[in-house]
Amino acid sequence: MAARRRKKPQTTKIQPKRAKNLSPGTVAYTGKKTTTVTELDIIDYSKEHFQRFETNNIQEAFNYEDSTNITWINVNGLSNTDDIVTLGNHFELHPLIQEDIVTTNQRPKIDEYEDYFFIVFKMLHYDDSEQLTSEHLSMVVGKDYVITFQEAEGDIFGDLRERLEHGKGRVRGLGSDYLMFAILDAVVDNYFTVVEFLSNKVELLEDKLFDDKEDPDITEEIQDLKKEILRIRKAVVPLREVVNRLEKIESTLIEERTNKYIRDLYDHIIQVNESVEIYREMIWGLMDMYMTTISNKMNEVMKVLTIMASIFIPLTFMAGIYGMNFDHMPELHFRYGYYYLWGAMILVFFGLLWYFKRKKWL
Amino acid sequence: MAARRRKKPQTTKIQPKRAKNLSPGTVAYTGKKTTTVTELDIIDYSKEHFQRFETNNIQEAFNYEDSTNITWINVNGLSNTDDIVTLGNHFELHPLIQEDIVTTNQRPKIDEYEDYFFIVFKMLHYDDSEQLTSEHLSMVVGKDYVITFQEAEGDIFGDLRERLEHGKGRVRGLGSDYLMFAILDAVVDNYFTVVEFLSNKVELLEDKLFDDKEDPDITEEIQDLKKEILRIRKAVVPLREVVNRLEKIESTLIEERTNKYIRDLYDHIIQVNESVEIYREMIWGLMDMYMTTISNKMNEVMKVLTIMASIFIPLTFMAGIYGMNFDHMPELHFRYGYYYLWGAMILVFFGLLWYFKRKKWL
Amino acid sequence: MAARRRKKPQTTKIQPKRAKNLSPGTVAYTGKKTTTVTELDIIDYSKEHFQRFETNNIQEAFNYEDSTNITWINVNGLSNTDDIVTLGNHFELHPLIQEDIVTTNQRPKIDEYEDYFFIVFKMLHYDDSEQLTSEHLSMVVGKDYVITFQEAEGDIFGDLRERLEHGKGRVRGLGSDYLMFAILDAVVDNYFTVVEFLSNKVELLEDKLFDDKEDPDITEEIQDLKKEILRIRKAVVPLREVVNRLEKIESTLIEERTNKYIRDLYDHIIQVNESVEIYREMIWGLMDMYMTTISNKMNEVMKVLTIMASIFIPLTFMAGIYGMNFDHMPELHFRYGYYYLWGAMILVFFGLLWYFKRKKWL
Amino acid sequence: MAARRRKKPQTTKIQPKRAKNLSPGTVAYTGKKTTTVTELDIIDYSKEHFQRFETNNIQEAFNYEDSTNITWINVNGLSNTDDIVTLGNHFELHPLIQEDIVTTNQRPKIDEYEDYFFIVFKMLHYDDSEQLTSEHLSMVVGKDYVITFQEAEGDIFGDLRERLEHGKGRVRGLGSDYLMFAILDAVVDNYFTVVEFLSNKVELLEDKLFDDKEDPDITEEIQDLKKEILRIRKAVVPLREVVNRLEKIESTLIEERTNKYIRDLYDHIIQVNESVEIYREMIWGLMDMYMTTISNKMNEVMKVLTIMASIFIPLTFMAGIYGMNFDHMPELHFRYGYYYLWGAMILVFFGLLWYFKRKKWL
Amino acid sequence: MAARRRKKPQTTKIQPKRAKNLSPGTVAYTGKKTTTVTELDIIDYSKEHFQRFETNNIQEAFNYEDSTNITWINVNGLSNTDDIVTLGNHFELHPLIQEDIVTTNQRPKIDEYEDYFFIVFKMLHYDDSEQLTSEHLSMVVGKDYVITFQEAEGDIFGDLRERLEHGKGRVRGLGSDYLMFAILDAVVDNYFTVVEFLSNKVELLEDKLFDDKEDPDITEEIQDLKKEILRIRKAVVPLREVVNRLEKIESTLIEERTNKYIRDLYDHIIQVNESVEIYREMIWGLMDMYMTTISNKMNEVMKVLTIMASIFIPLTFMAGIYGMNFDHMPELHFRYGYYYLWGAMILVFFGLLWYFKRKKWL
């Protein structure tokens, strides 16, 4: 049997971590320090107007606050906590929110404050080595601004930005609540992609199981799939609650006409969730299938052994009889004794073959 | 063991898809383009009046709107999204509804708008190769019209149309809400048929398991059945919620006298759902049964091996003893040594037989 | 292994059926046509008065309607749908109710109408061949009448009738609501009997499992028991909902003093339900037990094989050595070579025995 | 394998029974007739006053009714139903309550009447042969009296009586509601004892499993434990509902200050319930453990067989070669042929040993 | 197989205990008597003021009661119940609370009284021998004081005390409700640590399973992990309810601004809970994996046996044939008979090898 080439299971990513022994509200980054500079990507738009620029200077973001346009500030990089605190204080974000923004293992949730919402959610994607990775994102939604925070610059919102710029879709004419919806919609779209990728992995594994070729890694692949399902659920299930909450919130921040869109979003996230549950059940079923496959193979091995042994052990015994050296063994001196014996052995041979045939082992 | 002839599992159909990276509300067809022309099948009726005709011209549908009769517009073919948009805009359907009409993997649901309901549901049937296929349908129910959308022309509503035409049943004298009920009733009837077909498959599989004949495909058949159950539930469970919702809606669209029918419908869909759950449990039970069947067979194989080996190995040993060439082996020179040995061997033979008999292995 | 004598599993009875492709409200009988004549068994009573007679003439039932007494009309035989319709129209029963009366696979339920209740329920019993059969019953409860419908004449209500006639119990002095309670009470009593019968079957099966005797039918018996449990639940669980509903209904039909009895009935049906759940769990436990029993037996078989083979294969090898024909084999010429070898073989024999003893395989 | 010494499983005790075919409200005792005389144990107390005496005369109990003290009447023996009816009628108990008092398999429940509560509960204990037995108890709680009914005289309330007599605890100064609480508290204490006993049984079984010694009864012991858990739950779960109900009842019978105690009681019964669930899960885990233990043992058996057979079968073959009688077999005539062969055999022997060592089978 | 070195499973710690047969409200310590002296650690602080001292004299605690500062009294050691009663009576704690303080197996809960809350919770940690231990804590939260009770002096609150002393964090300027939050926050932080430790144990076990090395203790380690999970849930799940309750309480004790912190706490405890559920599922998955691993190994063992036996048993038979002593066996006298036979045997040998190769057993 070949040596194991298994990749290390990614259990470490599931365990909960938290900036320990710190006073609640302390802003301490818990992720991997991938970006040292905080980059801002600011979009300011209204029905007629569209402006976009990037900067590393937090202060520049404050200029747009008073404009009557919708302002979307996307913050890349959470490791420079001073910048986060500066920004947070300017927008009067509660210390607990500032803490949650940089606590990368925070569970998806929605917090309602008087003047704004705070939403935490997760972006999932399969990296190049087909490992599922999860990115921590958060979003503050105010009257005429949306601030999103992400760990590292990604291309998640590229498509949405383009729609904003080129005026495609409804998004330009509507308020910050519609922008919030559009962002969450992009996240749920992302989940659909992840689930589709997962479905391919499940299908491949199933095909492997149906093949006769043996692969001792299948157990581990199933276990890894189970873990991925668990991690996807960890992102999807709480977001479902968040969207459900959004649907029910009575707030002046959310306009009547946006409600239909949020309900639509809720339908989609329920659909993702259902698919995840279905794959979960299928993967557990795979384990059962694998067990029966192993048992079937063992059955087959046992049959070969039983047939070979049951046929040749009696024959060997017959040969052993006439290899004895007794002085008086009349058969040894028969003219055709040897041939008689062969006849008997052939009879036994086919008799047993017929027996196994009747038992349907052949 | 014979080569695998298994059909490819239909996992691909379970995975969620969605027109990706499009602005919400964009009307983009996601199904297979089976019909390129949008066909309309219009029925206009009242207690005394019945008219039916087919057309490819969307505009013709608009003539019937103002009549005081009930108008049922059935739209076949969703791939020509321009037609859908034209129709949708004419009836002032919300963009999200127009999107859902052509998004063939949309989950069953009900959306209530001020002037109409929008209901998504699924038609299931087993095709000629006994594969379960699912068709996306949706329905808009207004004051005096019902519009149904289906991917391809089917004969689902044929029976209902005939009842309308020949005035059988109550349907002609009642409003659009009763027509909606009659359509959903046809859908639930369809589920009964599907579940009946499924029950036959389960029964056949069970009979196969009870037969002794070996069939390595059984695991896969069980897995396929599990998937079918999952897919049926995916259509039935949300529709149950839809009908439950219908029962509770307070709307002028639904008349008092129709409520009894909707409750009846709810009873039926619960009955479908219960049957599905029962088959689900039975299929999981089949897997367990199959495992014990395999184990029982292995037990039997092992017994044959053990009996054969345990009887003939000692006998061979006895023969081996007297095949040795020691100079001094007194037994070899006994007058009846050979016969004594045969006696001993026969004794051992029957002794072991008796032992296995007592152990109830024979 | 003996040939299979298994009775055919009764799956067919679980599958849902429905008079297909008929307009809702169409009265079409779906059961087996056991009685062609509709028999009426009419009881008319008050505190002082008791009258009972049987007839095949539907019209006769109408005479009793106006009396101030309580009238109980028991209808035997549902196949003559014209009679049902006549009766139904006379008592102004809704078409859906008339349909449900003859739809023998209708799920237990309660429908509340303005002037009467409609209750569907199931009678269960084990027939002579120990097969669980289920009978469809329904009941209309009005101000001063109760109409019960059953597929074939049974002796279910015999005891109740006798109590009515001989004035035993409270039933004569109370209204139609108490009669309804008494009928449902008889049904729940019937469930207790069925569960008791089931408990005996489970116990017998358990004893079989604890015996060493092998029985390849055990898997199938367990599977059959699982199905019976599923079918009993199908009757009991919805009836529990019905009684729960009865408890909460605010209707002039149900008098205050009857409420205590209905609550008592609810306690009983919950108790039946709990017992069913307990047996369900026990049966699933039996499957596990059976699996370990098989494994234990296989273990024992393997041990016998291993002990026999491990002892005699080395001995045969030793004998084989001295059966060789080399010219120079000094041991063969030893004076006591043969005896030395026997000594060695006996040593090996007991050494291995001791080894297996220490391993606790003997 | 030793013969079975298993005690008969106690399934019979789980099955529901009911006085069948009797009019509801008929008082018919369903338990085992252990006591033929109804014994009364009457305690009459107030803060300053305490009186206790025993009698067989029901009438004597009525004297205490009018005193302003709290009266606790404990009834031992339910088989003499006339006494129960006399007592019940005197205290104006509803016929259904009188029926429930003597129906020993009645499920724990609470019934609220205008002037009193009626509570059914179960006492559990392990008898001398470590079988779990269950005793039916019921209690009527009125304004200034409590009546408890038990099947046979037990020592359950001995401790409570002593506390009443010696004025320990709060109980003397408070009303009948506190007495009711104190009685239920004694019952829950009893459950703690039972669960502790159960925990010891589970632990012992676990230790047995971890030992190598084989014990074919383990499956049955696990099954028996499962049944005991089921029976304990049957007593505990409904009582939890009862206490929960007590907490929420708005009645003049329950004083404000007693509420804290009832909440405390509720905490305790939840704790019992949680422990039961934990043991339940542990016992199901034991079954899995046992399966792996069996499989591990089989694996070990197989390895011994494989090693012995794989080493000696090839060696026997080698010896067999040189036991042939061909005229021309040059090796037989080699000077050191015999020794060469021994060398080769030793080589094969150690080669295979090394192979199995590398496979970690040794 | 090596002898068992397993540590005793810690089942005893799961079983519920309770000071039995005592009047409710009796203060009797149920834990292990680790400290005989009751130590008080008193902190008195306001925004400007901070004072801390330790004492064994209960009376000294009463001096601080009237100060307008917040007073935190930490009581170490519960075995001296007189002290607890003295303290309890001084602060007018209900007898049931005094009982719960010293009942070390009390389930986490919150009791609301008019002037104070009473909260029970558990501290978990892995001791030096990696055994999970649980410590009983309770807390009384009044207007301007908090009293915490712990079994033995631990360093749980060391960090919090330091933050208080050095004025770090918000804690000094806020009321007793914030102190309560800070204490519960430390507890939840502690759970994160425990879950992280657990995650490492699960990961190590998983790695062990993926290694080929055999370890018969794995079943027991899995069982132990299951128990640890059960015990962690027993502490976490009720605390979740407690915090949820805290969120909803309407009390003057909890200020508006503290609510945000309590919600944050709730998010964290949900996160702990989710992680625990995930590990739970993973551990159950490990058991399945282990089963397939065992089966796979058995399969491999069987194959080796089958290959060895199937190849050499027929060859031995062939050699056995020509070891017979018939007078007339022409082959024995062939010139190259011996070589022909070798040829045949080599053919058989490679033929079987090829067969097993084709079956992919090699």
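For reference, chains read A, B, C, D and E in written order, and residue numbers begin at 1 within each chain.
FYI, a contact is a pair of C-beta atoms (placed from the backbone, for glycine too) under 8 Å apart; a residue touches a chain by one contact, two chains touch by 3 or more.
Keep in mind the model is a prediction, meaning the values are calculated, not measured.
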Fewest hops from chain B to chain E - one hop per pair of touching chains: 2
Fraction-based call for chain C against chain B, same above half, different below: different
Centroid distance [mean C-alpha coordinates] between chain D and chain A, Å: 42
Inter-chain centre distance, chain A versus chain B - centres from mean C-alpha coordinates, in Å: 26
Residues within chain B bordering two or more other chains: 212, 291, 295, 298, 302, 305, 309, 313, 316, 320, 323-325, 329
Residue ranges of chain C touching chain B (in the complex, touch as defined): 1, 4, 6, 9, 11-12, 14-18, 20-21, 23-26, 94-96, 100, 105-107, 109, 111, 212-214, 216, 219-220, 222-223, 226-227, 230, 234, 287, 290-291, 294-295, 297-298, 301-302, 304-305, 308-309, 312-313, 315-316, 319-320, 322-325, 329, 331-338, 341
Complex interface listing, chain D residues touching chain E: 159, 163, 168-171, 181-182, 185, 189, 192-193, 195-196, 199, 202-203, 206, 210-212, 260-261, 263-264, 267-268, 270-272, 274-275, 278, 281-282, 285-286, 288-289, 291-293, 295-296, 298-300, 302-303, 305-306, 309-310, 313-314, 316-317, 320-321, 323-329, 360-361
